[in-house]
Amino acid sequence: MKQLSRRQMAWRAAQDIADGAYVNLGIGLPTLVSDYLPKDREIVLHSENGILGMGPAPKPGEEDPDLINAGKGLTTLLPGGAFFHHNDAFLMIRGGHLDLALLGAYEISETGDIANWTVEDPATPPGVGGAMDLAAGAKEIRVILEHNTKEGASRIRRRCHYPLTASGVVKRIYTNLAVIDVTPDGLVVREIVPELDFSQLQDKTEARLTLANDWRKLEAPAI
Amino acid sequence: MKQLSRRQMAWRAAQDIADGAYVNLGIGLPTLVSDYLPKDREIVLHSENGILGMGPAPKPGEEDPDLINAGKGLTTLLPGGAFFHHNDAFLMIRGGHLDLALLGAYEISETGDIANWTVEDPATPPGVGGAMDLAAGAKEIRVILEHNTKEGASRIRRRCHYPLTASGVVKRIYTNLAVIDVTPDGLVVREIVPELDFSQLQDKTEARLTLANDWRKLEAPAI
Amino acid sequence: MIDKRVKDLASAVAGIKDGATLLFAGFGQVGEPVELIQALLEAGVRDLTVAANNSGTGEVGLAKLIRERRVRKLICSFPRTSDSHCFEAAFAEGAIELELVPQGTLSERMRAAGAGIAGFYVRTGAETKLAEGKETRMIDGKLHVLERPLRGDVALIKALKGDRWGNLVYRKSARNFNPVMAMAADLVIAQVKEIVELGALDPECVVTPGIFVDRVVEVGR
Amino acid sequence: MIDKRVKDLASAVAGIKDGATLLFAGFGQVGEPVELIQALLEAGVRDLTVAANNSGTGEVGLAKLIRERRVRKLICSFPRTSDSHCFEAAFAEGAIELELVPQGTLSERMRAAGAGIAGFYVRTGAETKLAEGKETRMIDGKLHVLERPLRGDVALIKALKGDRWGNLVYRKSARNFNPVMAMAADLVIAQVKEIVELGALDPECVVTPGIFVDRVVEVGR
């Protein structure tokens, strides 16, 4: 079955970010989104370690060890960017100043709950980072995640089974198979990959889905 | 009767400020203290409008309208000084970072209550400014005030009759007649002007006073 | 493209509605966005609630707005200053309501609004008249007052320089309430002496990052 | 005269006691005061409670302190990073206690300690496992968690430049937790790349004013 690659998922999520938006990209998959921001839009990336206006990864030879993103990868600063301390970085998050946080997740519920901080594996210590702050604070939360686990289980569930990060906050979900909105009437499918029909998508999804009247095919360029 | 002038009171209070202290001087009488800081000590003056390291009043021709103190008089900045915003200025105050606030007052009680923000005159609107923040926040509060009102009433009272600014915070009182400590055992007189004996001072004071064994004469240079 | 620059003062204050809650920066006249307030006056809005440290000086800025009876309520720490006769006259007439707030609490309540803090406990004002009617709580053996966020529909602020992303720097003690008010309103309008090119402000020294600012207007002073 | 400069790392960490609560700045290794932590290790103190965003990297700094079993408890938002095997080993053995705190709440709790805020209400963590056992409250129709200040006996921080009054500036994203930790401890010790003359730092661009800092030691990097 043809499905979106991780980079194509990132590309798709990037297309929905409005010109002028202040955006935090979560660690992992969402970080890839920065590579696909539409060139004709000015989008200001925020990092919780005190940066607004992050640019692309540095060119070889231009790396600065004091300039890293939230995933601790090397980054750059655009003209117009600014540095500030951690407390102001989270003031921006918690105070609702970010237009959008694009987060990864283990599971999403049909009411927009998100679980992305622990799988409760007793062998490894849990970590939360800025996940709860972002999920509770940004004006809008969208999530990018694989539709199913490697074992085929649905990550889009009636209720999250892993511990919650925040409840009822997710508005849009990008998966390798579909784009789905969380609405007051439940999950509404906006886009599906061409190789799948709605009932096949529903079969791969624990939560109940509705198909939007104006649904489209989910397509992304080869990347 | 010989008593200290306002400038002599300010001089006396200045002598007790330790080298290296971070100090906020209240509006009015306490502001005069900055003219008498001992030259051999480095004392960092804080202003609630966002300054650490205030210097003396500007020389003629060097006035900068953007550089004012809490009393809205023109001031200067010493080398090593810094500017910050109002919120950080009050973080310093409320967070206990100031070693000392020297405040003016209408009344002080024998338990260290201070009333310095309103005389409840219905004809004029009340103002509090930073008085309550300073009184509640600085590590130590000392007060400079005239011992008696123009009508001869005691400003050092058993209980304050004007509305309180904070309760139980004042540690030392400088008046035109005496230096008095607020202790767990009540008000202890440390210094009295030479022209007055203890019983005369008590007669001018509503609160009960005790004379320290090692009391001294309160003297100040002609200023 | 992000371009927060607006061409003139009238555009800068466009859309502010009667009955709005406004935050006016400044400490006395220093850092006060006088030109923006004048433009607001000319725009004719009224029935305003204004949070500001003082009540205006002489007959300009906030003082003039009060004189013209556009301000229904003032939230303020120190309304009576050397030349606050406009406010005093309105107050004596009962034409303006006053909510007196300790200066640090005024600032912290606005920060709370900007920082997603729904309430906080402070010692300031405990056991005083200004805490009357407020919820209190013993914490670590001391009485604390629960304070609530103070949010503006609009903040009018003044800075030295700004760029098209809305980044701002200030000058000396004219910084005062400007950065905190910039965090605490739905619409933040900054007058600046000079608009500079994007990238001209040192990213280590930007005081108000552009995320907080919606409009920037150059006023040349 | 105010002179917060100390001559070497051993003097910088002198007097830190067994059982102390320490704040370690840094985000991963960036802005981490590695040399101060190494000096602390050499000073032999133990039974420490450490608040830090991560749990140390490789076998230096906090990681080494944990490896040597000097840390009884870690207060932390994200202990598991690319090279956090020292912590993971101690955790697996039950040799270290972990208090997991959302990153913004960790930062805000320290600010509260520095700002005289005895408690504050946030949405972060509400209705999650990390709020279990914490007091909650409905405010404006939403559940909020009451968070309490987090204060250190000592903060170890790292800056780019400092002066004898303790004023500090940082470099790029190495600023991170340093300024907030500088506000939140009884004893604040800063390692700096370079000590500069008093007055050499631009007063408009000082990030941590000296009032927050007790000792400054130059480490040349």
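A, B, C and D are the chain letters, set down in written order, and residue numbers restart from 1 in every chain.
Heads up, the rule we're going with is that a residue touches a chain if its C-beta (ideal position, glycine included) is under 8 Å from a C-beta of that chain, and two chains touch if they have at least 3 such contacts.
These numbers were taken from a predicted model, which means no experiment stands behind them.
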item: Chain C and chain B - chains in contact with each; value: D
item: Rounded Å distance, chain C centre to chain D centre (Cα mean); value: 33
item: Cα-centroid distance, chain A relative to chain B, in whole angstrom; value: 56
item: Chain centre separation (chain B, chain D; CA means) in Å; value: 35
item: Residues within chain D bordering two or more other chains; value: 108, 111, 115-117, 122-124, 170-172, 204
item: For chain B, residues contacting two or more additional chains; value: 77, 83-84, 93-94, 136-137
item: Pairs of chains satisfying the touch condition; value: A-C, A-D, B-C, B-D, C-D
item: Touching residues on chain C, where the partner in the complex is chain A; value: 1-2, 111, 113-117, 163-165, 167, 183, 198-199, 201, 203-204, 206, 209-212
item: Residues of chain A touching chain D in the complex; value: 47-51, 64-68, 72, 77, 83-87, 89-90, 93-94, 118, 123-133, 136-137, 163-167
item: Touching residues (chain side chain D, partner chain A) in the complex; value: 27-28, 30-31, 53, 55, 77-82, 87-88, 91-92, 98, 100-105, 107-108, 110-111, 122-130, 170-180, 207
item: Chain C contact footprint on chain A (complex, rising order); value: 19-20, 22, 41-42, 44, 46, 52-53, 77, 79-84, 88, 91-98, 136-137
item: Of all residues in chain D, those that touch chain C in their complex; value: 108, 112, 115-124, 137, 139-140, 142, 144, 169-172, 202, 204-205
